[in-house]
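Here come two complexes built around subunit A, the first alongside subunit B, the second alongside subunit C.
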Partner chain A sequence: MKPMDFYEYLKYNAEPLFDEAVGHVRLVAISIGIALVVGCALGVLAHRSARTRPVILAVSSTLLTIPSLALFALAIPLLGLGTPPAVVALVLYALLPIVRNTVVGLASVDQNVLRAARGMGIGSWRRFARIELPLAWPVVLAGVRVSTQIVVGIAAIGALVNGPGLGNEIFRGLRSLGSPFALNFVLGGTLGIVVVALLFDAMFILLRRFTTARGIR
Partner chain B sequence: MTTSTPTETTEPQTGPEPAEDTADVGATAVRRTRRKLVLRWMGMPALLALAFGALYLWVSGQELDSIEKRTLNASALTQRVIEHLQLAAVSTLIVIVIAIPLGILATRRSARYVAPVLLALGNLGQAIPSFGLITIVVLLAGVGFKSVVFGLVAYSALPILRNTMVGLQQVDQTLVKSARGMGMSPMKTLLRVELPLAVPVVLAGVRTALILNVGTATLATFFGVKALGYVIFQGIQLDRTPVLIVGAVMASGLALLVDYLAGVVEELLTPRGL
Partner chain C sequence: MTTTDMPQATSDDAAGRAEPMIRLDKLTKRYRGQSRAAVDQVTMEMPRGEIVVLVGPSGCGKTTTMELINRLIEPTSGRIYLDGEDVTTSDPDALRRRIGYVIQQIGLFPHFTVAENIGVVPKLLGWTKQRIGNRVDELLDLVGLDPSDYRGRYPKELSGGQRQRIGVARALAADPPVMLMDEPFGAIDPITRERLQNEFLRLQQQVKKTIVFVTHDVDEAIKLGDRIAILSEQSHIAQYDTPENILSNPASAYVEDFIGSGASLKRLNLSRVRDIELATDCPTARLDDELPEVRRRLVESDWSALLLLDERGRPQRWVNARDLDRTSVDLRTAGLPAVATVEPHATLSDALNEMLTSSAGAAIVVDRSGSYQGLIDFDTVMVTAKSIKRDSTEYYRAAKLSGAETAG
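Our next item is the complex of A and B:
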């Protein structure tokens, strides 16, 4: 039997590959969404209180040092198999860049601007939502972008805990090691992930343009 | 730099990304420095000792069946740790030997058109997932220690290459000029002025590569090398939670320990003037 070339493989597997890519994107989007909320909250907390700052930064940096396979595996006894353990592990991985950039972004806001706002009688909540956060936002968004890059790649290993995504295609290739099709599966999964990563990156360029406050664009 | 981690050095060259700024954010209270220093150097070893102690007590309190005993015994686990460290050490050494000279070459004047291309290619390459990359290498080169090392090298070369280039590029050019004006040869300028000034950034890259390798080495179990990932995967496949937890905690502990030691070495190797 003649081994299928990569083009033929793509032609016959376009549909399942696309489904896996959609699963991959969805997994990453959910994880980054959660990480953005949690990470921003932790970042604001770390910015406000000097006491918690080193702890929050140290914990989130420790999380990123833990090998991905170990973190996915540790989620299994708690959450079983499937999407939940994958999401939890990915959220934990995504935290550090978001938290750190939130802290740095908030610290870079000019204190005089905030004092002026206070003098104008703007309340603390509105000061945060209308002035501090918009000014820090480009830096926060840069952190989210870094997180997304990391998570898109690590999500491939989520297939190990029966998570969705293109990692399944790589595992399929790994299981058929030695067969002439193995390389096609692995290439399909890997290149698919590269495409997903580039699409996310392009999205962030647009997002940055449209969500940055007009005055600091 | 209590928070040195992979991403801290991922993008030292792009504008808004704060690369090392976090250190300054918290450096206001001088009187707390002492306590901070103690926390910084003693915190991680204490945490690891606690985690390993708890793990040991928990496992020795468990009734292990014959399958669990096969993976969870001192000699087997020691062998896993040794293979894990071998993978990480060999691949990191190879990466250092390849990527630092390459980074130096790429920042020489004669190569100034190559450098941006190299960085752009590297950034693009970062989108390739480690797992896919190593699987491709193994499919092409065969299962075993050498191919896994090859895959790890391919994956972890970028941080060192990039940090070497960025580290050398950020050296104040007037210093280089004055060194040349004092009659130093280009080689001597490189060795005595440029490289020492670039050391902190280069070391951060080496540390990042090392951590990447220690982490990614857990995947070696899929490619016929029984590092600590083997223990984790056995736990998953055979549905034995103690095995899974021991593997995962040991792999994590090892990564954190290596990161901690790398941080100590980083501190010691940084030239005193900086």
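Our next item is the complex of A and C:
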């Protein structure tokens, strides 16, 4: 393949590629958004109750060991084709880093700070929202960042269940193996995913800066 | 109790003063699965405006006893009265906002600025921004930190001593009548601790809070306490009295053991430099005085050395006749540096310590701005130490005698 071919490919496919990239970003964003809420909740629960902690951590680590191909396929009978099974599978993969970092982050909050807060008459809900969570936040966010990196890659397989995203480009290439365009499709999809991953990472660097309290930066 | 019949007394009422600020009635804490109570039936009264120190060996339950007062630990049985009001079952958060709380590790909120840290309780109490801001500045001034410089700092930008001061300011924020302090100076280096203790006493003279102070350090207890409760296991009170009386007449072998040897030396913690007469006849001169004049002053005095002060009256150098005899004398470098300075609220123990470490025969007393007030020498310290012992022993004998008479 001459390099010119790939350039030509990009030139004529810019629009569909961009649409697929947007679909990819949206799929990842929705999944991470859901995983953040569910993962934080599970993390807080695991932190608060010593009995549920091993169960929650074991289940979320087991989820990560299920082969992605299988997980997507397993979701089809339950949720059909398209975005829903892709989102569900990605949320399950994203859980472990978020849950684990939430537990670690909450455990790393200085007990004396919490004792002082209690002694000053700060109620339990306010103590969580104003003291515990902001102090654990940088660690939680680091977990979300790892989850995002994992999920951006795995999301490509979402195309297998008719999900949106750059995976479609890769599968198009795989289906047309042997044709002169096959490599272009695979390359286009893969590079697109790398760019999306880098963009997400850049966003997390900014997010970290703007959501971490100045005193603990 | 008669107090329940009385109208709710304001703090300045005569009736209010009669009622202790804190009263613990058979307060007990028993942890589940433990046969012995951690705190066993503690009954004590903490008078308004006094510093009550709970002191005892580790594991005696002193911190637990303190935390029962603001109900960080809920009592198993017994009652807690705050200013005559039974608070044993009231809303714990509301109770804690009325009680300042300082712990050894301070526990400043690292993601809050100094101003936000101090403003926490006022904000919970719904004060306006304006009022909180004013209060923050007032408190920073009170603890000796410049508001414009420190208001916006974060805890990590403070030294240990400064954090400690902010911790105290935060506890004082909503002007609570009561403060609980759990080894607040325990984690601070000895020199800073000494200074913070002195500052704390100066502060208390201004704010007049009822303070419950926990420590394991007898010397600290003697220095800071208006009253000391020496606790043994399960928070049993071995003796609850003024430091003078505990030192002179320990109630039991346990107390005697606990205050340890050197009780006479500890007595030096009881009197302060301002209580004794300073020697003011020591010759002094300014750094910019003419040399012949300086020589004349030294010769005309009975002293072997003269103290040189700077233009603001702060001690600079000690010089003797030989230092001044040289042909060219620069007063700025002549003789020895004037070290061993103490402020009027320092204890005699501090003064003695300064003398010993600087190997000077006397400590220089300066006021808060550092200007020279007088000298305190070794003999004065010793004479004072002896007279304290005599006074308090006589006081005790007299008290016992009159007690016997009323009984008879």
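Quick notes on this structure:
By our rule, the second predicted complex is superposed on the first by the 213 of 217 C-alpha atoms of A that agree within 3 Å, B and C clash if a C-alpha of one lies under 4 Å from a C-alpha of the other, contacts with A are read in each partner's own complex, and residues count from 1 in each chain.
Simple rule for what comes next: contacts are C-beta pairs under 8 Å (C-beta built on N, C-alpha and C of every residue); 3 or more make two chains touch, one makes a residue touch a chain.
Everything numeric here is computed off the predicted structure, so don't read it as measured data.
When both complexes are overlaid on subunit A, subunit B and subunit C end up sitting side by side without clashing.
By the touch criterion stated above, A:142 is placed in contact with subunit B alone, subunit C being left untouched.
Contacts of A:152 after superposition: subunit B is touched, whereas subunit C is not reached. Of the two partner chains placed by superposition, A:34 touches none, neither subunit B nor subunit C.
In the superposition on chain A, contact of A:207 is made with neither subunit B nor subunit C.
In the superposition on chain A, A:119 makes contact with subunit C only, not with subunit B.
When the two structures are aligned on the shared chain, A:186 is found in touch with subunit B, with no touch to subunit C.
Between subunit B and subunit C, the partner in contact with more residues of subunit A is B.
Once the two complexes are overlaid on the shared chain, A:174 sits against subunit B while remaining clear of subunit C.
The superposition-derived angle at subunit A (between subunit B and subunit C) is 100°, Cα centres, a multiple of 10.
Annotation: superposed on chain A, subunit B and subunit C show a minimal Cα-Cα gap of 16 Å.
Contacts of subunit A with subunit B, set against its contacts with subunit C after fitting on chain A, share not one residue. Interface residues of subunit B, counted against subunit A in their complex, comprise 2-8, 10-11, 14, 16-18, 21-22, 25-26, 28-29, 36, 39, 43, 126-133, 135-136, 139-140, 143, 211, 214-219, 222, 229, 232-233, 235-236, 241, 244-245, 247-249, 251-252, 255-256, 259.
Subunit C meets subunit A in the complex at residues 70, 72, 92-97, 101, 103, 105-113, 120-121, 124, 154-156, 170-171, 180.
For subunit A in complex with subunit C, the residues that touch the partner chain are 110, 112-123, 131, 134-135, 213-216. Residues 50, 53-54, 57-58, 61-62, 64-71, 73-74, 76-77, 96-97, 100-101, 103-104, 107, 138-139, 142-143, 146, 149-150, 152-154, 156-157, 160-161, 167, 170, 173-174, 177, 182-183, 186-187, 189-190, 193-194, 197-198, 201 of subunit A touch subunit B in their complex.
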